[in-house]
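Each of the two complexes below includes chain A, the first together with chain B, the second together with chain C.
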Partner chain A sequence: MDTVTAAGRPGTDLPEAVTQDTGTQDTGTGAPVITLDAAGLTTRAINSALRELPDGTSVVIMDPRGRHNLAVGLSNRIDVTVDGNAGYYAGGLGDGPDITVNGFTGWGIGENLMSGTIRVRGSVSQSAAASAHGGLVVVEGDASLRAGISLKGGTLAIAGDAGQLTGFMAQAGTILIGGDAGEALGDSLYEATIYVAGAIASLGADARRSELTEDDVTAVKQLSDRAGFDHIDPQLVTKVTSARELYHFTAHHASSY
Partner chain B sequence: MCGIAGLTLLDAGLEPELGALLAGMLTALGERGPDSAGVAVYHGDGQVDVTKEVGRPAEVCERFAIATKRGYQGVGHTRMATESAVTRAHCHPFTPAEGVCVVHNGSFSNHATVRRRLERDGIAFDSDNDSEVAARFIAQRLAQGDDLRQALTEMAGAMDGFYTLLVTTPTEFAVHRDPVACKPAVIAQTDGYIAMASEYRALTGLPGIKDAKVFEPTGLHTWTR
Partner chain C sequence: MDNHTFPPDVIASVHELADLGRYQIRGFGARRKVPNFDDLVFLTASASRYPLEGYRERCATRTVLGARHGAHPVDLAIPITIAGMSFGALSAQAKAALGAAANEVGTSTTTGDGGMTDEERQASKTLVYQCLPSRYGFNPAHLRAADAIEIVIGQGAKPGGGGMLLGQKIGPRVAAMRTLPEGIDQRSASRHPDWTGPDDLQIKIEELREATGWEKPVYVKIGATRVSHDVKLAVAAGADVVVVDGMQGGTGATQDTFIEHAGIPTLAAVRLAGEALRELGVEREVQLIVSGGIRTGADVAKALALGADAVSLGIGALLALGCNRPTYHQDSTEIDATADYAALGTRPGECSACHTGRCPVGITTQDDLLSRRLDPGLAARRVANYLRALTMEVTMLARACGKSDVHNLEPEDLAALTVEAAAMARVPLAGTDWIPGAGR
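And then the complex of A and B:
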């Protein structure tokens, strides 16, 4: 049984909770899969260990028990599986890794993501992909309120329903909702684009339904394929964009604000 | 911040463990409310024992042997004071009427106005805590004949602010969140219990949690035993 060394603690081996296992979790590439048992490690030890792994490594975090801040701030091209439910900010600030959560997550999954992918095989709490600049967050279940808030260029694909204020103040990027959208969709939207396959409870301030172009249909199809969604007809989604009436404060319209 | 934990048991076989389960939940929520903690335990025919004190939640649970308490329903709170002083009187749960317990995560902005209105109706307060105003308001509505659902709906209309509330009576368990829902809540249901906590990690020590139905509530949810 080999061990990996915790970053920032030269010469200090992590506890036995960190193991390399070449037999039970083969990714098909022949590369070993590293297993981290969260129950025996601090969050800092887990994230430090992940940060030191070479590109191409696969790692499984076992027994996460809703732990916050798992796999945050990683810039290496590794493949991380969180085998259970994660807490807040899983995969946040990521700039490279591909992360899968076999469960549900708390607030802020993929917050401020820069690149890479995050796939949640359950539902997510509030503020999914908040402020994400790049990368892809896929939610196979539902997303709670304020999904994609302040999105800055990232992509968020939700198979199920999305809660109130999804896309609030989203500036750039794409949100695809495979189910229904809650109230105030796209409130104060800037230049992000939202596609909804189901019903929209209501649009937020300055959000409007827009004409679906062939480019949109292609984009929805490609994103659905990438996300693994097979329940969305790209021809039938509703496109929501900004009406661009709240971009600037206009003094002589002050009474209408 | 602040942390909320609640547990209403459907399996009477778990009643000897109620205190230990609640203590575990509160300890997990220690970071959300490091200045004080409180627990209410319902047992017997609806009697309620309330324990609350200033101090770190794990220490309060240890000092008052919360883990040894038995019962069929429990409510816990860890407090990070934002609106009023850190004293025992300001700790949750608030018990504004016999059998009624209220714990709150959030803040109310118009509590002084509502407090003056309630004081004109002759209602006395133990503290200047904003959450106590909500508790007294709910108790007044219950005394006037509202059921719990009506009382909580009226409270939402009268009080302005952010809240996740857990309100219990000897037979009811209610979770109420404001529409903006910026204060967290997660619920887990099994055949053995209904559990509510501010964060999922506080639920991970409960028996059978891996097979529980877990969801994030919005609006008002009530359960009656």
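And then the complex of A and C:
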């Protein structure tokens, strides 16, 4: 391991409190990787350090132990690896960074993401990619309830199963589920599109199965490739969109909800 | 004999429900009579206490909000702020006018459900950015551009309910900002998408602080229902400021039944909230903003006396802009709008048709032609005048109570005119030392 200090790296201006606890490691590519040992740093110190890093920097957060709010609100184009489990909102409110979590995460992974990518090697808890406006969230395991809730243009790819109310009130964007979908899929869906490779327990209010077009097949293929999923046959997914029957307020629809 | 169960207005309402098969949706706030600040009076100075000179001795109004966790506090010249009202519910001109007025008197404005417009950011020196369940237009760049963050759990007009914006107001710009199809009837979520209980809220607040470098004060706004519990939970979750919106609070559109039958009056809410902060010992650390039917300087003063650090105005500010006036000004000409009110089935002074998007004076509309009926300069001057007048009324009452700072007003300065108000505000019924329920 290269022991060059982070503070000694040109263009890197880390707070003193952080640099004392950071190190670098050589990835073999010639580019040093900054390491932040979460066990010895506050969340505030970690995020503050991340915010200060120049574009193109790679960082590994070691020993996260399920810490909440790691790598949130970043707008620089850095590469962050959380080497373990993360808590709530990892990568939330991000606009640019590429984040990988080598573990499981709590609620709201990548919530309100604007751009960038988040990849979770394990499974995620509730509300993955909630209200994400852009970017890509890839879950290599399963997703719990309400994944993609209020999605506003972002893309969510789940390799495994997704829980109840996935895509609830999703407004725009794409959700790909490589496994089975739980009950009330796409409830109150707006203009987002959901593709499911496995079984669907039930559809939610105003969600319907739609015809799969060649464009859809291409989109699923491209998204699967980008997500690294090789178990999905794009020709065989089920497409779910809004029936658009509840867009306008009509009392006689009350029993539809 | 009068029929108190089915009086004529109730019979008419039943007929309407039978004809239409739906409930009424409208704007504005509660119309029903509930105990309010009019039911209190000040016990101003006499022999036992001496007043300050009304026009000569200084009475401070500066209001500092949100320093609890080391954020840059919101530092206001007056204890009166402008409540969250969305671009969408209001026209862009109306939002800009509110911002200009707030700047003129040194106070803050607040975004609403639908995100932050460039116009309101530019117009408002101090802008509070709301984080609502819908997250329409929610953007971390705007979060960082804001002066404070307000997490909205509930609203006094519809605590427990989500926002509503009918299709008439979902024009191209509003639709794009909210990522919604144009013209749909927007019914927002009533719960946040990524947290539920107070433990989650604590983490959510930390996230917002982390995303903004811990520089922005975080407000938590609740609709007034279980006020004591909710205030304590908000404080425990880390709120710097708690905003409590009583049942008289306004809305751009919601069900009439919600407006009239959910939540408790502001009069009761302010006292409960203030006591909750005192019970936690954080009344000097966490500020309380109260809203919901605040109209006059007397209302402001009474809210401060009962424990608020500031108040927030919604409908009052809209009225000052020109809402419910019979005329509007365009090209220096005053034009009669009563026919436009009539077309909505209402008249000036009684209109609550904000939900239709056909506001006769150009405030609660997204229609280009109607929006032009609001002269932003004139409207801003009127709102600034209103806020100044309220502030003068507050200081007048505070001086008369012998206070050199409006924040020194206290419950002991008040008496109640009704048993209900005495019980809710927990001040003695006038002429007695009786506070119903005290000592229980």
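The rule we apply is simple: the second predicted complex is superposed on the first by the 221 of 257 C-alpha atoms of A that agree within 3 Å, B and C clash if a C-alpha of one lies under 4 Å from a C-alpha of the other, contacts with A are read in each partner's own complex, and residues count from 1 in each chain.
Note that in this section a contact is a pair of C-beta atoms (placed from the backbone, for glycine too) under 8 Å apart; a residue touches a chain by one contact, two chains touch by 3 or more.
Remember, it's a predicted structure, so these values are computed and weren't measured experimentally.
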Message: In the overlaid three-chain picture, which partner chain does A:Ile149 touch, first (chain B) or second (chain C), both, or neither?
response: second
- request: Using the superposition on chain A described above, determine whether A:Thr193 touches chain B (first), chain C (second), both, or neither.
  value: neither
Task: Tell me which partner A:Arg44 touches in the superposition: chain B (first), chain C (second), both or neither.
output: second
- request: Applying the touch criterion given at the start, work out whether A:Ser125 contacts chain B, chain C, both or neither, answering first, second, both or neither.
  value: first
Message: For the three-chain arrangement built by superposition, which of chain B and chain C touches the greater number of chain A residues?
response: C
Query: First (chain B), second (chain C), both or neither: which does A:Thr241 touch?
result: neither
Task: Figure out whether A:Gln164 sits in contact with chain B (first) or chain C (second), or with both, or with neither.
output: first
Message: Applying the document's definition of touch, where does A:Trp107 land relative to chain B and chain C: first, second, both, or neither?
response: both
Field: Which superposed partner A:His68 touches (first chain B, second chain C, both, neither)
entry: both
Query: Which chain A residues come up in both lists, the one for chain B and the one for chain C?
result: 68, 87-88, 107, 126
Task: Name, in rising order, each residue of chain C that touches chain A in their complex.
output: 20-23, 25, 134-135, 138-141, 143-144, 166-167, 178-181, 184-185, 187, 189, 193-195, 200, 203-204, 206-207, 210-214
- request: Please name which positions on chain A make contact with chain C in the complex.
  value: 43-44, 47-48, 51, 68-69, 72-73, 75, 87-89, 92-95, 107-108, 111-112, 114, 126-127, 130-131, 133, 146, 149-150, 152-153, 168-169, 171-172, 190-191, 247-252
Task: Can you check the complex and tell me which residues of chain A touch chain B?
output: 65-68, 85, 87-88, 104, 106-107, 123, 125-126, 144-145, 163-164
- request: Show which residues of chain B lie in contact with chain A when the two form their complex.
  value: 179-182, 184, 186, 199-201, 203-204, 214-216, 218
